[in-house]
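Here it is, the structure, as structure tokens.
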């Protein structure tokens, strides 16, 4: 498909210098990054989660940026047909194109400006704040109501139906949804909430998608997302989730979901956060009960009893999940009001720098992660998080897949006491087909070594 | 549940005289009618379609109308719980309560005013126009895009999924939906279109429900409906459908759906309407193919080949259905523009008075319907329409059910040439469980007599 | 000027029967009335207040009503140029054309329906309610804030500037303005409030103009009016003022202003209204002090001390006027809330039928008005009101001017005790040039007879 | 007055680091600057234009910045009472407070980021672009319609009325207004346009005020301004005017107005801008005719005939002025469309760096300005512009007034051929009381030296 699109709103105005930077190919240019994100967005609804395959499927896709009388125009050629209806681009896809343009330009500008500050935790948080503010996602007049839904992109039909039900129950209570913006558990709750919001005449629905260039290709934003932010890397994206979301629901998922849970537990276990209310529910249909039992045991075996107290498991009761969240919103509101903390950005949440600093899952970095019972809990959580982050990369991200192709599976070293539960969990993920979208045999991208 | 609700908008302002009339019990009062509609609206999502049973299930339901400083307040007691979330009424149900109040008061006022005029066809059309205008459903600035979806309230899961798909395809093309506002084929398209409109950022979605007091109890408005109009009887409702809708899709259904199809064909066969474009598609999933073949044959056997040319049957292709409608909208627009006819009300459609005058399905009226091949086609269509109208009443309407309980099944007399295909069609409806929501054995409320 | 206009909003949708009625010339047709109102509206900014002259100045003005695809279109020929800018009609004039169309059609329809009821006071009030509701001027969600400003159309520059200041002070407090919608004291407050609302970012400003066919030609709606209602006669218009306004300010004026004051005092003196809060302020610049002193004395001499207690005179202090009104709004709100009376329509105000029934100022009716000190106060107020109503007609209304031309001045009979103060007041009005717009010598249309 | 205010919109969200910077007193802190701008904004309607006096009149004025649950809160103490009505701050003043906060924080951040780029013309333009974009004043969907009105803050009543008339005529044609946001000629057009926009139901009125910290105190923003941008210095402000405005009207004024005219002529005389359409009208009432004749001669004597061709003088005809501008908008639109230049920012206008680089009017800088006939025209225009810029500073700006107090009047050296017309012009300004608001004798802050 070829198309020529302009933004409907007026947020996406670029200066001549910014346009130049965006068009520029090569080392300092942003074109390659923009092209990749645009391709991912237009590829919505695709049934592949292999970023490499997707990129290779549209070698001739090009995107031309034109400054014109009424603003910016994008001319696309050889674009995937998914995002078009009778030759016209779906409005949400068009919006997302311009959102990604906005974020890519701004991230880069800010990154340069903050270069010196990006070494400190405060500087990193400030960076995330600026990116989100520029994306226009802060709403000052509104009470806490943003529920983050995490969970697998590859889930069973029954699980998918359940995520819709939960979304419907949340939506009936006027709650908004934030996800990682791909398919599966990231789409279902938005779909359910869309219907519920229609019933409640809730016409300012927010369906916030937070992603990053590495994952967007494998998990293309579903078109219900009406606010898209592309953070520069996985750690910024995780920080955005926990600072913007007011409560979190975790559906069944695979390595990515485990990464998210470990990240969150690692933070909530921080003594500085001990009094902070943060509603966290793990939930799924009846059939997912064994899954959550296993996860629950894994947490017990690695992070211990205290970590288990940070969440609540609810099986097959979407109304109960929604009521728990709605009530949690009251507690969050009370707490923030008392501390004079903003509703729209969780300033008081302490995030240790080991959770903020980017982790690059090279074979070397993966091999040198320390995983043993003697470590402090939050340090262990941080490293376990990195393990799963690496596995996600090896499964679906372009660079990860290439690295595995070249060097074979990651080698992960650990204590027996950690390795055993980790091995069990990973094997279960594989068996339950949670690692990748179905279609072929899953070949593990990792190897556990004692 | 008890509740006290006020309207969000400002359309529902009553004069003191109107409030009195609405509160008044007995012959000239409107209370009984209002209570019945309110109960139906709150009973949304119920799994019964037996109006009598529903009314009897809430004998203590009361509704108090109060004039207060900021407008009207309704105090409800002993209301069904379906329409509430955590003790608060769902916004759409609240809206519909006030819509029904508005329509009941206005219908009555207009009826009195127009008493003399209601004998002529022009007067009846004017009456329908005034009711719809008062309900605020005319939008002058908009192109034709209102697709009426007819079909059964009792359909299979596969058929229901298909109606959602069609709604999604329509919604992606910016089309709005109008239905009879119950479950099944009346809900699915709205659900699909809601999701599609979200994707297209189409934030002025119209989900128009047209009903009448006799049917509303059996087919409670689904909460996605965001414009509800209660017409005074079935003939006004049918006229509203064909004057407000710009195209019609018919999904599989039972007696009600057959009534609607016959009504429409009877009108379209009128020589005065011969050039009028009126997109009409019959569609369903693969499994519904035999159903449509049978209907197609029935039309052939009764109204003939010419009638068959008025519609197009599309099997299992929601995109094709939507494209057909989208294209039909262009033709409708062209035609109306050429004739200077309004987009929002199909003035040029000729409706013979036999389709406008109310038919009361008493045993006597049913027994005296003429059905024979010698009749003029549109006259035969009119009477066949009445047959099915009576069967709907006998199946699900309160008065109809009572009449059948007292006097046994309706006796329908006809020529053999008509009786045979009619018998086949009705038997098929029974066999395919299209007459009533599943749950019990269907006992026919009619008897065919040669 | 020739022009072709369509409504921007969607309220102005007519049925075919209504269009026919509007186009119809002659006894039962509405064309003449519509043409007259349209001409008045387009003649905005004219410096004549002689309705007869105005009508005669545009003998070839025609207005054609066309039903078309997107609604109604009006084709105007030989229209006054005042309402056009570079050949295009000013938006407010266009709006008002359609408002007048709406009101003329609806008044007629309602009048027919209510024929039997229009003999009772309740019926008349219900009629006024229906006209206002149909014009869409009721807002349910809003607190009392509609300030009626009465006063002359022919006032001095200093007085005009002062009315702007008062409007500005009202507007700064978020108050809206309702007037009789002509020039002078009916325009100034709206102008001042427009600026103040801009400063307060009050973007839902309401500038309500209430008029009637007899007066609209002489006092053309000023274009700031953004809600125009044409009531059928002067008594309906006065009732609309006092039921829709929450407080009233009276600026210097002539016969029309005196009529309004007497009407209001007559009502407020009714024992049934004794506890009803109704903020009423008489105000003007320093130079207007003698004017108000004289009016104050006239009230004393005719209606007495009690009547004087119903209003407050404030000289040259716009801020104080506005503060008084703002505080009065609180009292009105409290009272209505306590009585469960609507904010948008003052149901609890009692209006005797002698104030509701139309008074036609024929020479005979004028001559037979009883005016003597023995009468009950409210009866005297009612008849004094009629005296001034007749004088307004004789001064500026088309029928009144013709009647005077034919039969000479009205003869008004009264007690000496009434005649003396009345004569003084009228002479002062003439001397101060408050009877007519300046330009020629004023020839009284009345004669006082003992 | 003491007050505590929060923003209504949601644009004004600050990070913790930004809040800190804003609260910080001393060298790197922004508090002093913010306090000064806030004081100027609240001092609206003051009748002084002496920045120094104003600052000294409120020594105890303080402003506290608080981060809280729903955003930022400002606590003000000892604030001027002008901006309050019955104890509550006028909405426009509140908005402007937050606008100034936004601009001060952003200017500083951007200044740091761009430090290296601010030496080039392209870098300076980019800086201005970023400031304006951040202030949200670019509207992509709109046609050119922003008319800049320049002229004196100290003008006669007749001139003031005329500026209102011109604003009214512009507003009737849907044109928006941009000014320097003080009183006089900067307020009148906005007032007139407000009324006209109300008549045209133009509800997205834009009244853009562009100012800078040095001038804001002397020329407090009038409250009709609904978009305020504080640029960092006079050169950025002038660039903002000519890149955002689509046409310019110059009313009678003093030194500031002369500065603006010379700036604009200097740019338009640039050969690169020769084909660029830029509607420019000098206008005033009949009484201002001699003023414009003198200015016209001054242009002739200094910049020559060619410069005179860049503008059109229209005397006492507001309709003609507005029609000229409306037609000019078409030409601008055509030109930009043809060049693919943005409507919202005039990228193609070439501005030489001598017009972009800040000029600090120290006594030394003023004394060393070259002014002689041998210079290139645009260079001469640039230096003449600087002369007037210095005189404005010496008249009303805080630093300027202090400098004059300390060092006596500026000494301005020039050729006789320049000095003569310059002297005439300045003397006329003094005589016509255009230098300062009336009240005291004007003591020149300059001395012309051959």
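Remarks
Should a chain be cited, it is by its letter among A, B, C and D, assigned in written order, with residues numbered from 1 in that chain.
As a working rule, contacts are C-beta pairs under 8 Å (C-beta built on N, C-alpha and C of every residue); 3 or more make two chains touch, one makes a residue touch a chain.
Protein names from UniProt, one per chain: A, B, C, D = AMP nucleosidase.
Please read these numbers as outputs of a predicted model, since none were measured by experiment.
Among the other chains, B has the CA centre that is most remote from the centre of subunit D (AMP nucleosidase).
Computed from the mean C-alpha positions, the centre of subunit B (AMP nucleosidase) lies at a distance of 63 Å from the centre of subunit D (AMP nucleosidase).
Taking the mean of the C-alpha atoms as each chain's centre, subunit A (AMP nucleosidase) and subunit D (AMP nucleosidase) sit 46 Å apart.
Subunit A (AMP nucleosidase) and subunit B (AMP nucleosidase) have centres, each the mean of its CA atoms, that are 45 Å apart.
The set of subunit A (AMP nucleosidase) residues that touch two or more partner chains is empty.
The touch graph of the protein chains shown is a ring with every node of degree two. Under the contact rule defined at the top, the touching pairs of chains are A-B, A-D, B-C, C-D.
By the touch criterion stated above, subunit A (AMP nucleosidase) contacts subunit D (AMP nucleosidase) in their complex at residues 7, 9-10, 13, 15-17, 66-71, 109, 112-113, 122, 126, 129-130, 133, 138-141, 333, 336-337, 340-344, 347.
Across the complex, subunit C (AMP nucleosidase) is touched by residues 8, 85-86, 90-92, 95, 172-173, 191, 194-195, 198-203, 205, 207, 223-224, 226, 323, 326 of subunit D (AMP nucleosidase).
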